[in-house]
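Next up: some structures, all given as structure tokens.
Note that chain A is present in both complexes that follow, paired respectively with chain B and with chain C.
After this line comes the complex of A and B, so read on.
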């Protein structure tokens, strides 16, 4: 059963199309990374999936229900982002206690463990936390809620490198113990590619790619050689990125199988190089700019 | 991970308890408003004096009407506040849909009305005590001694009006959330009414609706009218906010 399924999903804000005719499915118990530059439609898509916003057209189902106004979807979902709002009168300990009333699978032991590990104090208030501390507290809620669908929308903003690493470790450990569906949006792929299993790459509200991270790492290759050789050999191929290197050489990124084909024809005139997954994502979404 | 199934009632209950726990500050502000009303009432709400060469007579009436009025204003403000984005986003941090959020708000406002009605009516006793010790004059006993039946009727009637005001405020708030145009319209309406009433104009026929509640003398009928009207306001609010986007 697919956990999330979208067909022709479109969301418009006035004249701006934030999500544009998007179709994809997310299979059960995977950690999916939603990657894309700013303004790619990541947050809008996640808010539609969470049932906070309504699609302008197209279909979306979460646990085979339209998430908008569905209590079934809502009770199995937690949405973590940096603008989460808590009552200003409740202390952090009170907030965790309230969360445990709402979420049936809430794990207080896990929550307390992380709470102490990140050295929060029970009597602190959310409004008094720094930006990074707020994000850290929010992800504790996200992990301990143990919802079948856990959505993190750029959860690490403001966290320092050490806390981010600790969070990724906690996320993976808990995921292995209790497999569930996690969607994680970020524009920093290099940091999260060890955590993610699948990637959905968005650009301009459209799907650019959806595949397992392992395949993304093998998806493309770069060729380096003299300008005219590269131009001749790659004619008719889709080139994701091209860069001049000095006067006579250039560097071109294309699909790995195409690159290997070129290499066979060219002999020693061209060099093949690997492309890092995060660089590839930038190349794939940067084309129009 | 297996899916959990939460019923509407269960979610509304959790949200209601969460709201009661996190909004104690609003009840403190109610106490503040009531103390202010009480202070304003200490000089007496109405007085007249007369005198002749040998006699000076001045009569002062004391009542906690002002405390009740201030409680009305407080609940109206709380009801509008409840519909703002700030409060709504807090709802949607945890499990909620629009229906559960509206229903738990209605339950919260009804509880606030109950607290308001009790405390506002009981403030009359505090006023009596203060007047007893502070006023140097002669106290007329027939109104000073409170009859339990009257006190309970007072609480019931205040509660009925508060329920009505809460639902009206909530409805106005939802309208304002739908479109900012309503803020201007409702503000203009209120201001216009104040000016009209202040100048002694006869209000347009539609405002006879207030008389529908104000002139009702049977408690049971008043309760019925209020419950129906409040249900109507909340139903309209639910319909209007059903498509609202949150967070």
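After this line comes the complex of A and C, so read on.
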């Protein structure tokens, strides 16, 4: 069963189209990465899925219901982002206590474990935390809530590299213990690709790719050779990226099957090289610039 | 894929023996901090090659000929490719056949001595 399903989903803010005729589904109990450059529509899409915003047109269902104004969606969902606000009069310990009342699957043992691991003190206040510490505290709430749908919007902003690693590990461990639907947006694909199962790549509000990470890694290949040889052999193919290398050579990225076809024809004149998943995402979404 | 290669190395050094249970996708997921689906792909690569077999409800086990299969495959692919690369580099540098073979012997001797 699909947990999330969107058909022709569009969201306009005045003249700006943030999400543009988007259709996709997310299958059950997966960790999905929402990847794309700034302004690709990631946050808008997540907020529509969370039920915080109504779409301008098109359909969206979460657990088979429209999430907007839906109690069922709200009670099964937690949305973590940078701008989370907590009541200023509550200490961190108080916030966790109220969260345990609010979220029916709340795991206090997990929350306390992470709280101590990241050296938080019970008497601290959220407003007094540094940016990175706020993000860290927010993801503790997101993990311990153990909601059927857990949404992280750029959860690691401000965290240092060590804390980000610890967070990815904590996320995977808890996912193994209690598989659930997790979506998180990030532009650090090279850091998160091990954690993810699927990737949804957005650009300009449109879907550019949706596939398992393992397939993304095999999706494209690069050819390197003399300018005229590459130009002749790749004629009619979609080239995702092209770069000159010195005067006479160039480097071209295209679909792996197309690249392998070219290689068979060309023999030794051309070299084939792998393309990293995060580089490919940049090439695929870099067209306008 | 790295997971498949790591598992092959575990089998080659004898850390897992024939007809013993292979690590599960969840164990691998925890060990390497990777998504369990990615770990499962690594296991499936070996299963497709007949290195592992499935016991229903119990998981993946090492087939009787697992080691030989890996040795055969690595010899004919990985090692052959490395030797070809070494030969090509020797050609570029003008290193002759005898010198190349002497270098290989030297390298092997060094390794053997370190193991003692």
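Here is the rule we go by: the second predicted complex is superposed on the first by the 289 of 289 C-alpha atoms of A that agree within 3 Å, B and C clash if a C-alpha of one lies under 4 Å from a C-alpha of the other, contacts with A are read in each partner's own complex, and residues count from 1 in each chain.
The criterion applied here is as follows: a contact is a pair of C-beta atoms (placed from the backbone, for glycine too) under 8 Å apart; a residue touches a chain by one contact, two chains touch by 3 or more.
Just so it is clear, the structure is predicted and the values come from calculations on it, not from any experiment.
Because the two structures share chain A, they can be overlaid on it, and in that overlay chain B and chain C fit beside each other without clashing.
Contacts of A:99 after superposition: chain B is touched, whereas chain C is not reached. In the superposition on chain A, A:82 contacts neither chain B nor chain C.
Contact with chain B, but none with chain C, is seen for A:90 once the two complexes are overlaid on the shared chain. Rounded to the nearest 10, the superposed model shows the Cα centres of chain B and chain C diverging by 150 degrees about the centre of chain A. Contact with chain C, but none with chain B, is seen for A:168 once the two complexes are overlaid on the shared chain.
Judged by the touch definition given at the top, the superposed model places A:197 against chain C, while chain B stays out of reach. When both complexes are overlaid on chain A, the residue A:21 reaches neither chain B nor chain C. Of the two partner chains placed around the shared chain by superposition, neither chain B nor chain C is touched by A:278. Contacts of A:2 after superposition: neither chain B nor chain C is touched.
Considering which of chain B and chain C touches more of chain A, the answer is B.
Minimum Cα separation between chain B and chain C in the superposed model: 16 Å. Shared contact residues of chain A, touching chain B in one structure and chain C in the other, are absent. On the side of chain B, the complex with chain A involves touching residues 1-8, 11, 14, 17-18, 21-25, 86, 89-90, 92-100, 242-243, 245-247.
Across the interface of their complex, chain B is touched by residues 29, 47, 50-54, 63, 69-72, 74-76, 79, 83-87, 89-90, 94, 98-99, 101-105, 146-148, 178-180 of chain A.
Chain A meets chain C in the complex at residues 30-31, 168-169, 172-173, 176, 194-197, 212-214.
On the chain C side of its complex with chain A, the touching residues are 1, 26, 29-30, 32-38, 41.
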